[in-house]
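Lettered A, B, C, D, E, F, G and H in written order, each chain numbered from 1.
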Amino acid sequence: MNPSLFSPEGLAGVIFLILIGVTMIGAIIATCTKRLIRSVSGLAVCFVGVAGLYYFLNSPFVAMMELLIYVGAVCVTIAFAIMLAEPDEAKLARKMSGLSGGLAAVCGGAVSFALGYAAVNGQWMAPATQVNDGSLKMIGASLLTKYSMVFELISIVLLAAIIGSVALARAGRRGN
Amino acid sequence: MMLTLSTQLNTYLIIGAILFGFGIFGLVRRPSLIGMLIAVELVLSGASVNFMAFNRFLAPDPTVGQIITLFIMAIAAAEAAISLSIVIAVYRNYKSIEVEDLVELKG
Amino acid sequence: MSSLAQSHLRETFELNIGPQHPATHGVLRIKVVMDGEYIDRAEPILGYIHRMHEKMGENRTWNQFWPNMGRLDYLSAMAYNHCYAGLMERAAGIEVPERAEYIRVITAELNRIQSHLLGFGAYIMDLGGFTPLMYAMDEREQILDLLESVTGSRLTYCYFRFGGVYNDIDDDFITGTRAFLKRFRPQIPMYHKLVTGNAILMDRLIGVGPVSAEMCRKYGATGPVLRGSGVNYDIRRNEPYSVYPELDFDIPVYKECDSMARYMVRMDEMVQSCRIIENALNKLPEGPVMAEKVPKALKPPNGDYHYAVEAARGTFSMRTVSDGTNTSYRMRLRSPTYSNVSLFEEASRGMLLSDALAFLGSLDPVIPEMDR
Amino acid sequence: MLARANSLWPLTFGLACCAIEMLSSGCARFDLSRFGAEVFRPSPRQSDVMIVAGTINKKMLPAVKILYDQMPEPKWVIAMGNCAISGGPFAYPGQYNVVEGADTFLPVDVYIPGCPPRPEALIEGLLELEEKITGKRRWPRVKPETMVKG
Amino acid sequence: MEQQALLDLLYIAAFTLCGLAFGFGPLLIVYLFSPRGTRQIVNKTRIPIECGMLTIGPAWIRYGILYYLYALMFLAFDVDVLFLFPVAAVYNDFPGIRGFVEILLFVAILSLAIVYAWKKGVFKWERKVYQQ
Amino acid sequence: MSGYFKDIITGLKSLAVGLQITNKEFLTKPITLLYPHESVKMYPRYRGHIELVKDPETGMNSCICCGMCEKGCPSGSISVKSEKRPGVKGKVLTAYILNFTTCSLCGQCVENCKPGAIRFSNEYNLASTRREDYIFNLLEKLHPEGIPEPEVDPELLKKELEKAEAAKKAAAAKKEAAAKQEAAKKEPAKEGGESKAEEKS
Amino acid sequence: MNELIRLLSYMICIAAFLGLNLAYLGWVERKGAGHIQRRTGPKDVGPYGLLQPLADGLKLMSKQLIVPANADRPLYMCAPILTMVPAVLLFVAIPFGEHLVPREFNFGLLMMFAFASVGGMSILIGGWGSGNKYSLIAGARAVSQNVAYEIPMLITAITIVMITGSMDLNEIVRQQGGFFWNWNVFRLDKSILMPVSFLVFFICSLAETNRTPFDMGECEGELVAGYHTEYGGMGFGLFMMAEYANLVIGCSLTTVLFLGGWQCPFGLFPGPHWFLLKMYFLIWCFVWIRWTYPRTTFWGLLNLSWKYLIPFSLVNLLLTALFIKVF
Amino acid sequence: MDRAKIKRELENLAAESLPAEPPQEEAPVEVQAEAEGEDKAKAKAKKEDDAPRKNGLIETEYAKRGTHLDVQINPDQVVKAAEILDGEGMTLEMVTGVDWLKEGQLEVIYDYSYPGGQLFRVVVRARVDRNNPDIPTVCHLYGGANWHERETWEMLGINFVGHPQLEHFLLPEDADFYPLRKDFKS
């Protein structure tokens, strides 16, 4: 069952390992560095990895969306926010050490262990049959038919987000 | 064995869990609001990975999970937009985005 | 509550623009306090090319001060030469032959075109367009050729002398100048088509950098800045010197007070300068180009003298205090951009950074002239 | 070496009158770009040669030094114009503000005299610098001629 | 994973490698061949560039509220637009007016955001007036 | 709303016009002067550094070593070294040092020189790796093969010798000096050749 | 195994193609600029200055890299490499000819955008990592601009997807076969605004590649040299190369989406030469535009996107949707 | 602009300032001036023009001097003068200073002109003591005076009281000399 390293499957396996590595490293950078901008970069790296995982999960469309939305949009926005709000990290560095760090590690470790344990030991039922292949076209089709509400809902949510954020951001503007 | 990891559900679940864990870790550890937001994004993506994994291996209709993931993304984006503007508003008013400082100011 | 009161502190930062910066026309330094993209305060800092011209005026003989005049505003050196010549002729009471005056006017106006061409090109380069500069420089080279054939240098002319000019112009120069005018006239509409009409440029210039006439008055701004603010003031008309009263030309005035107006004044002045040159060439009398009996060692009588000319950037005036010796007691040079740029600080308040630089460019500073 | 010599990117750094001649030499008539040297870079980090074109005065001095320092190796300096060579017309005994020559504090490679030097002289200076770098001159030397009136 | 997707992945990976090579290669060469020391006069080689002056204040400045607004709008808008992709891909396959109505609705809601921002003056970049 | 569309249309039109113009320029021939391969001739009035004028008849300079150029130069770039030689009228120029690095090409020296012994050269493309290259000895530049000895006028020499021998009177020497002064005063801005001629007579 | 060989050979070809392009686009640009400006451009280094890029490249490689003292070192070093990666990667999906395409992805178009959007982040961290105010401001501007122009670009691309019903680039080209009126630019039957849409896309790709008149990232007039102020030598070289690579990609994409890719205008002999012809024509337009116009202001640029391009592309989207239903 | 009015008011001002300068102080000035008359050229020039002027208004010949009115007043009156001229729409072209070393005084010169149709140039001068060179600023009236005064301070050490920013401007920040003073030696 083990594919040879140089077959396409084998190479894919290697790539998968690399992706896991990228995801993990990204996550570590995102949480452990002192400078916020670095953690945003870490977050972006992590998302690239996650996008790869999605690809392996048979949904290239979601993978691409992950890149576009998270890396291209969310991370950039966060970076802007950092520029605006807290560019100097000296103060943060001071508070990073010590108790809170330990506490955080314990919390994070516990949560991930619990989840991982549950996941591994859970009795997951294999699906009966898959009704469609989950491709882009199918997503589109279901967005147009079955989940059209979701489709419109998304736009409304985002409209609200735009309006809200613009209003909020402008509210603090000096002179207004 | 290592090379076939990608075909196993557990791999994804564990990755999801670890991401989730990192998210929690960051959430507790980060003193600043934006840092916490970053952590939250990690948590969300951990959840999404799980969703996608279940979707791939267990769901009868693989579009559902994807659509939910997409929805999560949209929500995450909206959330990021709103929360960042809140952060900025807070920052403007209190000159700090550190949680402790905010608590102090409230008191 | 006190911390809340401070909450509307400005989030400002300081930015150095210059002295080595592509947009400051040399070594002007502007210390900008920025508030995001907006300028909170832009303070020009001068002196990076201060060359002690005024001090040199005090320890050089009148004749030896000539080369300094070409190096003040090296772009319109002729006008500066003209001012110094006029000043000393006024002080020492020298009559200048008519032909010399005409030659002075012709060369000074050629020089003005040259200066405006470079100003135009450099201005557009500030705004990111390189090609107009090249075209302008091409035309400019023609003028430089003409002037070089008369004066021997390309930029830092030292051509005028007390009582006349260094040497006469010849027919080659006259035909060359006419040919140049013929060639140059159609270029200006081309510039307008290429540059002025351009939507991007209009977007950048119209309404940017308003300077009111009152502000000009308070700051002593002159030249295209003043005329771009709707004031019809030009030393060539209002305080006529040389043979300008005999030549016919218009003074372009724009009322918009913005960068575009200043830019347009310069463009139109080039056309007018062409007119002046043509006119002067037609009227050019025969005769000597040097007054007779100009003493080698000039000793103007005791007292203050003042002379003003219209240089390419505005009123250039000199005030000298003579103590009757062959050097001046005090030489004061009033350079136009010094006053023009001094209003930058007030006018640029609250502008966007790129607007402010577009505005600065429209003032067309020449830094060595400011710093003197 | 040949590559370096043929891709000399100058720093956009004009001080006074000579800077205008530097500009002209980049323009249509003289066109420095024929030698690959028209890429005037505004940032010292990206430039290879600093053309000191104009008078350096005491206030500018620290800035010039810093700019020179900020240029990465290999780097060269061209002193263009008499002012940059020796203070030019502004250097007289007892003056208070002009630095008498760029070589008092910079390792100048090529001197171009003139006030201002013609653009050809700047090109010649660049060729001279090429010669200094490669040790060989690829270009013909030009003997100045005077136009005969006719 | 299917063969097709697998190969896609391989191509992407290979070209990523290629890109990395394009990025690292020259830097490696630079690392190997570039001179080490810099001739200095005042030991200022490594200070940030600020037009020949010493830097004023910290380099990491608070900056960009205006961009920030744009970025926020962009974020939401971008996400919005992306959802049109799958819909557009199948748009042709669904006869009937329903698809059109949905897209119309979607776009209309989207445009509201622009209209709102426009009305609010987000796109106005005016000169600020300072009270002295 | 109509303004909105009008803006777009006029804007696009102006952009198109710009493109047209640059395209036209693209198709015309460049005007560049390929400098090291071809070069312009300098105008006769071009001001390069100053140089001594070679008298076509004698092949010598016509400097009378009056020092006016030295005195008039604003930046003190010139120093004239001269000495008295037996048998030669006037002083003989031994070195004419021009520190070109401080010269501003103002022309004062040329103007001040009455015999017209100096003029502007046409050297426009100087460049060198050494600063010292620009401290010219113009005399050496004038005679690159070596400075020729000034022609000794036998008559004058004879006269001088005669004078010296005949009386060695101080009065005679004084007289000659007076005559020389007068000559200098009388001949304002004479051409070099003339002064030469005078010297011969 | 066959696949592997194919992959390797494509990789080598693309690398060579890219290398050549990166080097000689610079030359084309300088030469073009020269001729537009009445001068000759590079000329004396090799015949017609053809060795100029080589000289430049070698020089950049032998130039010292200085890491500024208060730069964020890892970010500073990563940024140029990161800009390079997506630029090269994207060539994987470009159909040069019907059978001359490294890989046909059935989500190719989306992939283009996805990886291109990663580039923005690298500019941002480059600008930030330099520890220089100019870089920071310019980086923010450049990204903000990239971001703003991504939207109309996406909407326009979606319109195309709607027309063709495919995201496979090669498929999109295939559908534009026959005469040139089948090209998407002229598909007036799908939407009368198609040419406008092309214009929108073209402007966007200008902006996305940070070219004048949209070179906010470099804006020499204001911020020294933009986000790569602190990058010397090869760091700067990489940014420049990435710019040119993006240029090629942008033009290729425009060609594919609107100008019928490798299709011949008259239905004869389609092939890669047509593709290259069209692409280089577009690149030439970029160069031409660059040397004609001044730079826009920052807000002018953002407003252009939000006030004109986005509404136009949205209208076009709706029109297309309508036309498809109606006809 | 009303030339007659300006002239009248300035005349008043000058007249006001006349008694402010005690006659004894004038005497040594003249003595000094005569002392320097040893210079031949100077003595010759003196016949035409006497250098140290008294306070007061002179109508000068434009063709010879380049100015129409020349008024010398007390230092504390310069603001007043500026107000008068400002009210008439004149612009301040330049401010400069002269160091009269022999007299131990520094002179501040204000050049006014009219940026309109008519040609009218007014010079206002005031002399301050060299050891105590204080003079009020006119910055609040003429923004352009800011730089000119700053430069005059820098070059000659004339202290403009009330000037918002009397810092180094053209010279390096650490310059501690006044280069245009006559006794300056570098």
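Just so we're on the same page, contacts are C-beta pairs under 8 Å (C-beta built on N, C-alpha and C of every residue); 3 or more make two chains touch, one makes a residue touch a chain.
Because the structure is a prediction, the values reported are computed rather than measured.
Relative to subunit G, the most remote chain by averaged C-alpha coordinates is H.
Across C-D and A-E, it is A-E that has more C-beta pairs touching. Subunit B and subunit C, compared by their mean Cα positions, are separated by 62 Å.
Subunit F and subunit G have centres, each the mean of its CA atoms, that are 58 Å apart. As a whole-number value, the distance joining the C-alpha centres of subunit D and subunit G reads 36 Å. For the pair subunit A and subunit H, the distance between C-alpha centroids works out to 74 Å. Chain contacts: subunit D has residues 27-29, 31, 34, 42-45, 59, 63, 67, 70-74, 89, 92, 94-97, 115, 118, 149 touching two or more partner chains. The set of subunit B residues that touch two or more partner chains comprises 6, 70, 73-74, 77-78, 80-81, 84-85, 88, 92-93.
Shared interface positions of subunit G, i.e. residues touching 2 or more other chains, are given as 3, 34, 36-40, 43, 62-66, 110-111, 128, 133-134, 136, 140, 144, 147, 150, 167, 220, 224, 229-230, 233, 291-293, 299.
Across the complex, subunit H is touched by residues 45-47, 50, 52, 54-55, 58, 87, 90, 93, 215-222, 226, 231-233, 238-239, 299, 301-308, 315, 317, 319, 321-325, 329-330, 332, 334, 338-339, 342-343, 346, 371-372 of subunit C. Across the complex, subunit G is touched by residues 13, 15, 17, 21-23, 37, 124-131, 134-135, 138, 194-195, 198, 200-201, 203-204, 352-355, 357-358 of subunit C. Residue ranges on subunit A touching subunit G, taken from their complex, read 8, 35, 37-38, 41, 44, 48, 51, 60-61, 63-65, 67-68, 71-73, 75-76, 79-80, 83, 136.
Residues 1-6, 9-32, 34-35, 37-39, 41-42, 45, 48-50, 52-63, 66-67, 69-71, 73-82, 84-89, 91-93, 97-98, 100 of subunit B touch subunit A in their complex.
Residue ranges on subunit E touching subunit A, taken from their complex, read 1, 3, 5-10, 13, 58, 60-65, 67-69, 71-80, 82-83, 85-91, 93-94, 98-99, 102, 105-106, 109-110, 112-113, 116-117, 120, 122, 128.
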